[in-house]
Structures are given as structure tokens and as C-alpha cells.
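Read from first to last, the chains carry the letters A, B, C, D, E and F; within each, the first residue is number 1.
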Amino acid sequence: MTDTVSRFGTVELPDLPEDLRARIGAIAEKSGFVPNVFLGLGHRPAELRAFLDYHDALMDSDDGLSKAERELVVVATSGANHCTYCVVAHGAILRIRTKDPHIADHVAANPWSAPLTDRQRAIVDLALALSVDSASFGDHDIALAHEAGLADQEIWDIGAITAFFAMSNRLAHLMSLRPNNEFYLMGRTPRP
Amino acid sequence: MTDTVSRFGTVELPDLPEDLRARIGAIAEKSGFVPNVFLGLGHRPAELRAFLDYHDALMDSDDGLSKAERELVVVATSGANHCTYCVVAHGAILRIRTKDPHIADHVAANPWSAPLTDRQRAIVDLALALSVDSASFGDHDIALAHEAGLADQEIWDIGAITAFFAMSNRLAHLMSLRPNNEFYLMGRTPRP
Amino acid sequence: MTDTVSRFGTVELPDLPEDLRARIGAIAEKSGFVPNVFLGLGHRPAELRAFLDYHDALMDSDDGLSKAERELVVVATSGANHCTYCVVAHGAILRIRTKDPHIADHVAANPWSAPLTDRQRAIVDLALALSVDSASFGDHDIALAHEAGLADQEIWDIGAITAFFAMSNRLAHLMSLRPNNEFYLMGRTPRP
Amino acid sequence: MTDTVSRFGTVELPDLPEDLRARIGAIAEKSGFVPNVFLGLGHRPAELRAFLDYHDALMDSDDGLSKAERELVVVATSGANHCTYCVVAHGAILRIRTKDPHIADHVAANPWSAPLTDRQRAIVDLALALSVDSASFGDHDIALAHEAGLADQEIWDIGAITAFFAMSNRLAHLMSLRPNNEFYLMGRTPRP
Amino acid sequence: MTDTVSRFGTVELPDLPEDLRARIGAIAEKSGFVPNVFLGLGHRPAELRAFLDYHDALMDSDDGLSKAERELVVVATSGANHCTYCVVAHGAILRIRTKDPHIADHVAANPWSAPLTDRQRAIVDLALALSVDSASFGDHDIALAHEAGLADQEIWDIGAITAFFAMSNRLAHLMSLRPNNEFYLMGRTPRP
Amino acid sequence: MTDTVSRFGTVELPDLPEDLRARIGAIAEKSGFVPNVFLGLGHRPAELRAFLDYHDALMDSDDGLSKAERELVVVATSGANHCTYCVVAHGAILRIRTKDPHIADHVAANPWSAPLTDRQRAIVDLALALSVDSASFGDHDIALAHEAGLADQEIWDIGAITAFFAMSNRLAHLMSLRPNNEFYLMGRTPRP
């Protein structure tokens, strides 16, 4: 039993280059804590910087796919990939974005049969097709998404987020990354 | 999106035969609610009765395997089987039995690599071997369990609980069984 | 090569509690022998009792699903799970119930493509969906069963028998349970 | 439910070219019937001729691997490939060659955990490694076979028979080939 | 790292029986080299002879399926089976037969989603269904082939070639067979 | 059959923001062509920018892992993921970096059993463990890498490159991305 945050150790915020210190400091100020993934990636500043840039380009938008739907893609594919860090951390964000205290547990435990709206189901099915058996991903999957009313830019968003978290999940597996304690309870009870 | 408790409907407590009404009533009194699995199985009283008998024979004991270790087997194999009801309901019980608010989320999301003690790891590995690819279960798995110090009666317990929840998980999938709202928060915060 | 009946040993009939002795004695009188599964489970009387109760609640009925169809579910899912004991023992019962000396070998060797009537195929397909990849079991499988004319109570029977033998198969794997010699020839030749 | 011998039809013995008619006639005389595989392949004489030549080159020898051990490879890999025709037909031959009425049912139902001698286990393990997940077959598998005392020519025999039945199993699946009724009982009871 | 042609050694052309020496000599004369598979199989002349006969019966024909389409089946299934020798050697032949320098790399890397004509796609889909998960091959696959306009004799050709290379791929894995250097560049550039 | 470069269309170099135009222009000048992946990602400049940054941070270094070894990770995992674009494009780069005209075809067709040096085998095995079945990635895989002499920073490189191409492979599957014609022949013949 290892009880460390990452198999490769972590950096402290002050040891990061200034731009990353500022950027992650802002996240910490908003959330009240520094998500462990940044401390685990921090010993490779160029990789962390690109990781943050890519993440923000994909996740910080309500254009087409809503932010809640983007988190749905993350939790569904991270559940299918059995990535504990991403399930716990993004499960918290999904609960907050949807104001639904149960959806993350449903989608993480079983993305294939979790009860969802038709649009959510089409989003998750497309994400799973690309995440789990990507070799047979094809026109059939795109056609099903179109039939469900998803536009090309939404399909790109779903696919690109799925791809990005295929990477993130594996980085977390590589580090054996431990989720911050703060995530487990976030969004489970109504905010006062 | 269906929002019912079970695909096959549920019974009300008063509609059960007297022995089951008393037995489940006692559970409800202790827990504060009737776990949905009983209401879903209730339209088949003989099956529900045998289910309860088998469950109690396997789970209500601290002889050899502790009650917490029994729940660990349930959550690990239900996580591998992607059974939302069992993950949520027995995750709650595991948190309570271990007084650890995080272990259930770790083991449910990824039973293969969750951080565990050596004894817990041996218990989970044996359970996964029988749960996931049971056709190749064999002397090798038993030998690994013995090497980890597990006694024959403990191995039986792990195997029999794994087998029982291979059934339970499939019953929950058959019903598309929804967990009670009460389970999600149980054991996540210290009791006053 | 082990040549014992069970990896965990067996009990003798006289060593069982009286109710189990009577119950299994009646089976032995009817069959001419005691099926090994009872002797293997016998060192845990409470578990054996619940096992028998559950088994009888599911298998001893011609209401909706015929007894032969119930055995078909057992042999198909036990074949998919590679459970030698259940294939041999329930293969024998299936031959007797159907008076077909070949169906059990076909269904056990390849449940996916064995030649069957349309109703039998729908029963087996539903059972395999829940047995093999239960995580993705869903409304689609239920809809296919309905289309094939299966009623809800029949679907429950198929699902519950599949679930019960997901357990039984794993108990047999746990014990490395050897089938009784009597099973191999039963139902292969016309009774005089 | 189709009840024909082959999805592509069969030929009658008199319609075969003379050399094949003589060759298969000799088999029929010895066995008392013409195995269906020859009638199913017979509409392509050149393929049938090569099939017979290859089969005989691999199976009609006691040099190194015994004939019974060769049939063991066939039944084990055909069981893993869920090929009903080969399991039933070669199961019969295995029973006759080993004079063991049960081994074929054990190995066909579960080649991974059937009770076998150490030499038989090594033979079956090598065959399964090449049959089921051939992409990762490698030096490790060869080394395990050597450790078990298998000589290079025996390893070749096991591998070549496994490869040949990877073909045969697929030909039988292609035809949906029905086993002859005679096979089911062969070798199950002592010959007078 | 082994750098030999075959794990079991090779024969020299002069050491083969006369008929095989003549036959393979003719191939060598035409190609400019002796494909390694013949030298690897050569220490078992009867097996090599049957291999050549079967191969020629299936591959040397433009009746129904064209020779290029036959090679397409080989490269697609060898790609799915991760057989380096067959991918490299038959990839070369496919490039030559189709005069398309890219198709072999596409089909070998990903037979499921390589861009193909509708007829080619139907051929490859049927071949993959029988090659990869042959146990569930059935009427559904035949029906899809018929819908795509494939005739029964073409379906047989596709199935039989798939079956033959299920064998060949495993023989190559058994030998850890190295492709001849000549194959890698064949058909990649226009012939003068 | 679609014959376009990407399912979502491509951008022309002049339509990119200035920094990307300069950056990709420099690549084009060096290579003689613009790799299609940049044109396919170009309609999302922020994503393309992060993609390039991440790629360069991982691939443009000979510190610890050599550039050839980094490409080996890419081709092995892209082969396992059946990503045609990455196999063809990075196969070309691997041939150039290793000056070995065959290694890319071997590793792409079968990364599990391609003939490699011990160090290369350890690198590829670690990459495959994280790429294919990432859920069970764990201390065991890290220990094997250490035993093979890989340092922690090399293990990180292997893991991070594997993760990045788990993303890239899925982006290519999403786009159904066609490799540039130039890649197929690169590194196959000695440069004058």
C-alpha cells in the first residue's frame, strides 16, 4: 500500500516557473486547493503547460457542447478506463455543473447503461466508441451521432475531449495519482 | 431515460408475506429506509427469501474474514462488473465498516490498482480472478492466496461472496436497479 | 492433476443437518445418486440450504418458461462460462427434458450459433447478454426479447436463472467440482 | 433453426473424383459412416484433397506426440474456439484413443482448468497460447514447453495441429457443420 | 533479439524432395527469391506439400473473387491476427495485384476502418467476422454478405481463405518467421 | 469509400494564425510537405498549438530516451491501437532515426513479439501495458522496467509518450485521417 500522491513525487507550487505558479495559484485560489494532477505533472513544466493549454481549449467553453456535457464525456470515459483520479475529480465537477448529486456515480460506475437523456446518451455512446475500441470507430458512429442531432462541431468536441482524457487517464495511471480529499464530497450536498 | 426504481416495478412492504415483511421491516428500522433491492425482488417472495438467507449466511460474520473485508470483496467485484446499485449501496457499507471515507471510491473505480494493504490486495485479487475470467480460475489463484496467508475457510468466503455478487450484480442489471438516495452520502463524513 | 470431487473436500450425507439430509436424500432416491454439488457445498449448511431454496424457486416450475427452457438457459450460460460441472450435470437434465440427445452438446459447445427454434434463440440470446457482458445489458436486450414474444415474467425467469448460474458456475470453479459419472450418459440413449 | 448438414450443401460420395471416393470410402468402411466434414468440403475437391493430406500428415503418427495427445490438442483448441463439429467428432476419437469416457467433455468445456497430467497440461497450455491470443505467442511459451520436457519436434506437432484446427474450426463455422449422430455416443461405454 | 529466419531452423532448397524442389524452384525463378515460409516448413515435406496444394487451390484463381480480392482477405485477417510475415509478404502481393501502393498498409494497420469500396468492405467484414470472433459467426454475417451482392461461391472463397490464413498466421507465429527483405519494397514504386 | 484527408475537412496553411503558420511552415520546409495531422487539427488553432507544444516537449529530446526510442514507443502503441496515420507517419520517422528499413513494419504489425534488443523490448512492454489495458497498470510494470535498467525519467518519458499517442491515435480515428503519400517510402531505401 502506497500512500503518496504520485509514484514520481510532486512539486511544490513555489518551485514552478512563474507563469505556471500564477496560473495554478489562480486555480487554487478559486477551488481552495491545488488539484494533485498539477503537482504531479509539475516536475515537467513544458508538459504541464501544454496539458493546461489543451485542457482549457477543450473544457472552458459553452459553445455547442455545454460545460456540463463536457464533464459528462470525461466521467464516462474515465469510468470506462477505470481512472480513479479522473472519476473522483471530474465526478465532483460534473455534480457541480449539473447540480445533480448522483449522476457522476452512475456514469462512472456504468457509462453503458446509466440512465440519461437521449442527447446525453448519444454523447456518451460516441465517447465510449472512441475511447474503448477505437480501432473500429467509423462512419457508423458518426452517423448515429448525427441521427441524435449532434452537430459536427459537437462531435469534434466529444471526440477531442475523449482523446485528451485517454491521455490524462493514462498519465494518472502512470503516476498512480491520488485524488485530493476535497473532491470526494464536492457537489454531494446542496450549497447553502 | 427511465427514472423508476426497477424495470420490473417494485412491491410495497405491506404486500410482502409476513415473514419477509418482518425481516425487511427490521432492516428498514435499523437503516432508516428499505434498500431498493428488496422492493425489486419482492414480487418473487421465494426468490427474495432465498436471496436474504444466502446473503446473511455469507455477510453477517466476523469469523475469519472480517465484515469489512467481506464488503471489500463486494465493492471490488461489483466495480469490475460495473454494477451501479451494488457499488453505491455496498460502497456505503464499506465506508462505514472501515471508517475510511475514500476506500470504496478507489476500489469501485479501479479494483486492480487501488492502494490496499497486502492482505486486502490478496483478497481482492482472488475475488477478481473468480469474478472476471472465471474459466481460467485454478490452482495458481489458490496458491497465491495461500502465499498471502489466507486460510482455506477465508478463501471459501471470498469465493462464495464473489459468486453471490456475480448473481446480485446481474439481478441489478436485469432490473436496472436504482440505488436509494440515502446510500450516496453514508460514511462520507464523520458521525457526530 | 487432482482427482478429488472438490478442492475443499466434501461431506457425507449423514453428516448434514437433518433437514438437508432428508432433502438431499430425496433427490438421491429419485436420481440414484447424490449430485456432487451438494456434497461440496455441504460443509456450509446455511449456504447449501439457501442454494437449494433459490434453485428450486427458479427451476421447479413450468409456469411461463418450461422446465426444458429453464435448463436451456443453464446449459447455454454454463457453456459460455466454461463450467464443466454445470455443463455435464445440466446437459444431462436438458437431454431428458427435451428428449433430444444432441441439443446439450450443441448449446454447451457454442451457445451463440447452436441451431435452435426462434423462441429458444431469443431465450439464449437474452441469457448470454446478461451472462457474458452484463455491464452493457440494457433496454435494447429487453426490447429484442419482447419482439420475440417473451413476456415480462419469462424475461425475469431467464434473467434470474442466468444470474443464479453466474453464481453456481463460480462456486463450481472455486471447488474445481467434478461431475458425477452418472451424468455423462444420461439422456443419450432412448429409455427402454 | 436450420437442420441441414452444411450451410453450403453436401456432395454424395459417388459424385467425388475417384481418388477421393476411394479414400473417403475407406474411412467410411472403417468407421461405419462418412464424417460430415468430407461431404461438406466435397464440392471443392482440390481443397478437400489438401485438407486430407494435411490432416493425415499431422494426425496419423505416434512419433513423439502420441495419437491421443494429438487429439487432446484438437479437442482443447476446438473447445476454446467453440467449434461444435470438432468438439463432438474429435471428442469421440479422444475418448477412444484414451479409453477415458470423460476427458473429452472436461477438455472441451474448459481446456484451461480441466484436470490433466503435467505433460498433458503443458501440451494444452502451449496449444491454447497459440490458438487464442496468437499475437502474443513468443519465446516465453516455448520456454514453458521446454521446461515441461517437450522436445522441439513435439512443440512443432502441437503448434501445427493447433494451426490446422484454427483452420478446420473456421471451416466448420463457415458451413455451420452438423456432427454425424454416430459421434455423440462413441467411446462413452466399454466395448464388448 | 533473435535474428534467424525461423525458431525451428530452415532447410536449403537442395535438401527438399524432388517434387518440392521443382515446385519451389519455379516460384523462386519467378520471384527472384524463395519466400521464407517454404524454407521454414521444409523440414516437414508432407506438411509443406499439403500447404502448397491448399494455398494454390484457394489463391490461384480469378473465378468469382479476383486474385486481388483474395489477397485483400489475406492482408486484412493477417493484420487482425498481427502476423508480421503474412502482412509483409502478402502486403507486397496485394500492392502488385491492385497496383495501389497504399492499400496494404491501410488494411494491415486497421482492417476495420480502412477506406475501401463497398464490395471490398463487405469482403473484409465477412473475413474479419470469421477470423476474429469465429464462435459467434452465423447467419447474420452470411446475410450481410448476400446483401452486399456476394454470391455463395464467393462467400466460400472468402471464408476458406480466412480459415487457411488462420492456420498460416499461427504457423508463422510458431516459427517467429522473418519476412524476406525483398517483400518490403515490392509494389511500392511504379515498375518501369 | 471516402478519399478525403479528414472527415472534418482541413485548413490551408495561409488560413492559420501567424504563429502556427510560421511553425508549421518550418516543418514543411524541412520535410518537403505539411503532415496532414496539422491540416486536420488546424480548424482549432488553440488545440493545434497545445498539441504541437506537448508533442515537442515529449519527442524533441535525446535526454535519457533517445529520439529513436521515443519513435519506437509511438509505432508500437499506434500499432496496438490500429492507428493507420500514426503507423505510417511515425513508421517513416522510426526508419529514419534507426536507419533500419524493417523495424517499423515489425513493430507496427506485432509489437508484442517483434524481434528487439532487451532494452527495446522493455520499453515496448511498458508502453503496451499502459496503452492497451491501462486499468491494471501498476507497480509490477514499473518493477519490470526497473529490472531492465530503465531509470525513472525514462519510465516517465515512455509513459507520457504512450499517453500522448493514446490521444493522437484517437484524434486520427476521429478524423479518419489519411497519411501523406510521402511517408510510405521514407527510410525504406538508402539515401544517396
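The working rule: a contact is a pair of C-beta atoms (placed from the backbone, for glycine too) under 8 Å apart; a residue touches a chain by one contact, two chains touch by 3 or more.
A quick note: this is a predicted structure, and the numbers were derived from the prediction, not measured.
The fewest steps needed to get from chain C to chain F, moving only between touching chains, is 2.
In terms of the distance between Cα centroids, chain C is separated most widely from F. Superposition on CA atoms relates chain B and chain E by a rotation of 180 degrees, given as a multiple of 5. With centres defined as mean CA coordinates, chain E is found 23 Å away from chain D. Computed from the mean C-alpha positions, the centre of chain C lies at a distance of 43 Å from the centre of chain E. The geometric centre of chain A is 28 Å away from that of chain B, both derived from CA atoms.
For chain C, the set of residues that touch two or more other chains comprises 2, 82-83, 110, 112-113, 135, 137-138, 173, 176. Taken together, the touching pairs give a contact graph of some other shape, not a line, ring, star or complete one. Annotation, chain-chain contacts: A-B, A-C, A-E, A-F, B-C, B-D, B-F, C-D, C-E, D-E, D-F, E-F (touch as defined at the top). Interface of chain E with chain C (complex): residues 135-138.
Residues of chain C touching chain D in their complex: 1-3, 79, 82-84, 87-88, 101-102, 105-106, 108-110, 112-118, 120-121, 173, 176, 178-179, 181, 184-185, 188-189. Only residues 2, 7-8, 44, 46-47, 49-51, 53-54, 56-58, 81-83, 130-131, 134-135, 137-139, 142, 152, 156, 159-160, 162-164, 166-171, 173-174, 176 of chain F touch chain A when the two sit together in their complex.
Residues 110, 112-113 of chain F are the ones that touch chain D when the two sit in their complex.
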